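In the two assemblies presented below, chain A is common to both, partnered first by chain B and then by chain C.
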Partner chain A sequence: MPLLAFIVVFFALPLVDMMARSFYDPKVADSLPETMRVLDTWDFEGLPPEAAYASVAGELLDLNEAGTLGSLALQLNHEIAGARTILLRTANELDGDDAAADGSFQDRLISIHPQWGEQEFWSTLKIMGEAFTLRHYLGAFDHRYDAMGEIVARPEYEQIHLMLFGRTLWASALIVLLTLLLGFPIAYHIANSPPHVGNLLLILVLLPFWTALLVRTAAWIVLLQQQGVLNDLLVALGLISDDGRLRMMHNMTGTIVAMTHIMLPFMVLPLYSVMKSIPPVHMRAAASLGAPPFLAFVRVYLPQTKPGIGAGCILVFILCIGYYITPALVGGRTGQFISSFVAYHIQQSLNWGLAAALSGVILVAVLLLYLLYSRVFGGDSIRLG
Partner chain B sequence: MADQNDHYGLRYKVWRVVYRLLCVSVYAFLMLPILVIIPLSFNAQPYFTFTREMLTFQSDGFSIRWYQELVTNPNWRLAIGNSLAIALAATALSTFLGTLAALGLSSPYMPFRKSVTSVVLLPLIVPLIVVAAGTYFFYSQIGLAQTLPGIIIAHTMLGTPFVVITVTATLSGFDRGLLRAAASLGATPFRTFFKVVMPLISPGIFSGALFAFVISFDEPVIALFLAGFDQRTVPIQMWSGIREQLSPDILAAATLLIVLSVLLLLTAEWLRRRSARLRSGQS
Partner chain C sequence: MTRRNFRSALAMAAGMAVILGAAGAAGAQSITVVSGGGAYSNSQVEAYHKPFMDEAGVTVNSADYNFDLGPIRAQVEAGNVHWDVADVEEHQAIRGCAEGLFEEVDVTAMPAAADGTPAEDDFIEGTFSECAIGTIIFSTVYAYDERQFAEQDEKPSTLSDFFDVEKFPGRRGIQSKAQGTLEFALMADGVAPEDVYDVLSTEEGMNRAFAVLEKVKDDAVWWETGAQSVQILADGEVAMTVSWNGRIQSAIDEDELPVKIVWDHQMWMLNMWSIPKGGENVELARDFISFASQPERMAEQTKYIPYAPVRTSALETIPDEIARTLPTHPDNFANALKFDASWWADHGDRTENRFTSWLAR
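Coming up: the complex of A and B.
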């Protein structure tokens, strides 16, 4: 099975590697091995012993010479604001007065930067020095280790991920609901049209499905912008004034509208394929037994569409949770999903451990949903078109 | 009694009108955003909206300058070339791998069929952003990041499950007796495959290939992470166009992509019908 090997190597391995990265982060431990050994015996009480100061001074100088101090400093900066400056300045000044090495390293380091004299700085360093760590997951859920190594919530101004997870979930749920409300009638309509009409109508659903994602996103930007088509139309109709143009984009409204449009085919297609298999005789039978149309619909038709509804809802929900492109382009600041932060931590803040942990959370959520789905509706039924 | 029937009848009629209107508006919701792009791509002005000249159908309101931009701008040319190269390579690879996998998986002698199938279909379920993050970390360690082969491999993985699905679907109506018949007539397995199996499953292979092509050609997320400047694809070019300068050349590109998707959709439909016909002709 060449395919199996191929998928395992290029698909499964990266995922495993990513999950590993979210637990295992040896950067600090590898950079400052001697210091970490000394810190192992330190139990967060007061300041660490002189040996820790001595070894960190030596190791910083070595790193500076090897040219890898910058990447360590960047890493520490994720957890300690200003750590980059502290490390770089310390290494530079130590380098300068190497000869005048009298007095304790503790006094010298503290005189270079007062942070060296703070217990919290050292405890963070010790925690980051643990190669196997849960700290990225704590970060993903807005928690951290405090100065005594206990798990606490992050200060409020740093809390962002939980809010984003929450927003991603409710926005996805809303999109599922909207696509169901819009998709159900047309799926019913297509399934109950004569074949040649039905096929044509199906193309109306399939065309957006086959159209490039960025084309559809661009289309919504064209429509929703403040100088865009919809606003122009409303102004021309006199419904709003020229300076009262609606803000429909760069916020959650934009994300929801565009995402509903993009996800609609994924709801319609499973619904349609289920409805197609429900014989119209059932409805006629109900009617002939005296059920009014509405009652017949609710009691006889609706229960039979349940597999389609379930499949469509789960499919759309799973797709929404990890969606990146559209929220990032039309969502502005308030319409972002958690995926934007994965991208942010990979590309801008370079906090790869945290990005891996966030992806890990999304991955686990999606796999759980998929498992639930295959338990309830039987596994191999992802159908497209 | 008759009165009550009329009552139902009236309500039923009102309900039908409401329902029809609802359906029509949903179809409009699906199609209009895509259609609105097409006339705007011929805008003579660098705006994303209809100008007065366009609305009054004056000829100087329209132009093909944004299409010329696509052809002459080196960034666009690079992107189009890259996208085509990546999509064609990824399609070829995933069609090959996917067809083999489908043949293997449909054989009743295949061990661990269920678990292998779920591994093969995994790329369908895992969110793109997670795949992108994972491949980015991993490929940068093995030197595949910022290379065309890296993107091709990643896209191949996304496309393969579709080939597996479509080929498996055509194989589901496949009569294994034909294999034995061919063998008993002295055909080598190789010959049997090309003379007997291939013609029957070819619609499945082609529509799977079509899917794989579209997936790769339209895929923005993984490309965004794995591509450097020299590997930029059409979706990336559009992405940065939307983010940075909002020029209507994006709409021209979008229009061309819409035309492409109509062609692909029609081909896919044609293949689907052909496959359905083949299958019904067989039974």
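Coming up: the complex of A and C.
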């Protein structure tokens, strides 16, 4: 029971909250409720009615008074360059106006800043004013609403997420393959060694697993950098010249190498636990029935390790596609995963809605993969040890 | 608690009360000046605080903060201002001024130059406003590793050379931020400093800046922190890097790093004195700012830190070998760009997003 409460409070609730941000973003709607009601009836044709100008003028003044205009401006600035200046200047100038001034609010606002006379400014405002919105998910797939409220692709120079999703997927798949190729023989060897040797080998696998992640990653930096151990060795052996030192870090190579190492235990342990339960007599039986070693391995041993392979692969793959710290440290410019953009929008651009949508896409991708896997291999075929 | 402990605690409390009482009585005769801490605050203590204490008989307390407006806003709004003078970055001064956080200050009330030039003409253009008075100028420049160009007759001397990897081979260190980087790219491409932000405001101008960066994209090491920028230069990982003049200068002075600063098309920004609104010692704070705005005081500060005084006449009294290392020396300052913080406040979000996307591609 306490465990359940703990999971709900510290895992489920934050997750739900974060996911909610990806489609529920009430900041603008709450700040300018009257304006948004007026804009509901506006169909993106021409400029909105005078009532929209009148209500936005009133609401900006109220926000300025309440001291919350700045946070609204910050929000709008994500989509409208210069929104901060427009709002602050408008509120300041309106504040100095005579309450009994006549003339239309439309003329007054446009005279304060010409952007109030732009159809696109209003349509962006209307779109951002929808509390329940798909715009963050559109952003996650490099699309957006245009001035007429239609869904269009973002300009090419802003397109990045699809490419990063793709990169994350193929790099993760490659890491899974590498850990499987490296991990399978290790696991086999551990499972089939006498206990004291096996335990020692197991500890050697687990030792890096117990070492702090940053230490392991930093160790790779020491090894791989251009003035690093590996390059020094290659130069000393005369294999490469001092000017021709290899760039093995701050690119995808660095990410793949370091990630493969870090993920290896997650592949070895499920494999080992499954292999441990395969009786050695099976192989001997196959041999006694005349199967050559290779055939016996493929036909008798390998099929029995399937649950371990499945569990290892899916575990490593799922860990990889959300992984952040190692690519961030050794990936440089071209070795980053989609997680780097989640971090960027959380920490730097403060566009949490978009960050949540990106995480949402990752979450859905993981769930789909899991479903696919359990359809193909059967749900209970995964054994995590 | 034993009886003895209790008694000593009582004595201590009484002692504290005496000290606090004394401090309270002297309250009118002390001001608190808040600044960024470290070597920078130290240079201010030596050049301004100590002499002001001697001259005015006032205690000046030095406090540190991280140049964030938050605590100042909180003090002003709570009506409980205990920082009498604040050293703020220019963009914070603009914002705080708009929010009404600062008292007005008048540049014409600052002391005139030795030759009688009034303060408003002696301060470099753009270094004062109605609620803040400039104190130091620092700048973003690039520096190259002299070892890596030792055999080459021609040395890097213009900003364009930084982006010319054919003429000057070697990797480049650039901050992984659009801010500052795009300005450099445009100026290297021939845009005059006064036109930079107009050009950057247009779609074509933005594309042009990215086209310049594209040329060095694969040869660049993109750094995150100022410490990194110096480190990659010292390690020989890059042949030249963008950085801040103060960081490079102290690497030259203290670590004897064989690097040279190129001042062509430098980008400068400033820190300013301001007075949080509603403090008890506003007049004393004004006196302090006047005192610290004397050209000879400003010149004194350059002995401790490689930042430039905002007054032209202050530069003239500085020994030549120091003056040459400062952003505002006439040889260095000719085609400098003043960093426009308010342009970035408006365009920063979308521009940084575009830059980050470009970098990851």
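Rule of thumb we're sticking to: the second predicted complex is superposed on the first by the 356 of 385 C-alpha atoms of A that agree within 3 Å, B and C clash if a C-alpha of one lies under 4 Å from a C-alpha of the other, contacts with A are read in each partner's own complex, and residues count from 1 in each chain.
The rule we apply is simple: a contact is a pair of C-beta atoms (placed from the backbone, for glycine too) under 8 Å apart; a residue touches a chain by one contact, two chains touch by 3 or more.
Here the structure is a predicted model, which means the values were calculated and not measured.
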item: Greater residue coverage of chain A in the superposed arrangement, chain B or chain C; value: B
item: Partner chain in contact with A:L207 - chain B first, chain C second, else both or neither; value: first
item: Contacts of A:Q226 with chain B and chain C, given as first, second, both or neither; value: second
item: Partner chain(s) touched by A:R84 [first = chain B, second = chain C, both, neither]; value: second
item: Which of chain B and chain C A:Y344 touches, first, second, both or neither; value: second
item: Which of chain B and chain C A:Q336 touches, first, second, both or neither; value: second
item: Partner chain(s) touched by A:R375 [first = chain B, second = chain C, both, neither]; value: neither
item: Touched partner set for A:H196, first chain B, second chain C, both or neither; value: neither
item: Intersection of chain A interface sets (partners chain B, chain C); value: 227
item: Of all residues in chain A, those that touch chain B in their complex; value: 1-4, 6-8, 10-15, 17-18, 21, 182-183, 185-186, 189, 199, 201, 203-208, 210-223, 225, 227-229, 232, 261, 264-265, 292-293, 318-319, 321-325, 329, 339, 342-343, 346-347, 352, 355-356, 359, 362-363, 366-367, 370, 379-380, 382-385
item: Chain A contact footprint on chain C (complex, rising order); value: 98, 207, 210, 221-222, 235-237, 342, 345-354, 356-361
item: Sites on chain B touched by chain A in the complex; value: 8, 12, 15, 19, 22-23, 26-27, 29-31, 33-34, 36-37, 40, 47-50, 97-98, 100-101, 104, 114, 116-139, 141, 153-154, 156-157, 160, 162, 165, 211, 214, 217-218, 220-221, 224-225, 234-235, 238-239, 242-243, 250-251, 254, 257-258, 261-262, 264-265, 268-269, 272
item: Residues of chain A touching chain C in the complex; value: 77-79, 81-85, 88, 92, 157-160, 163-164, 226-227, 250, 332-334, 336, 340-341, 344, 348-349, 351
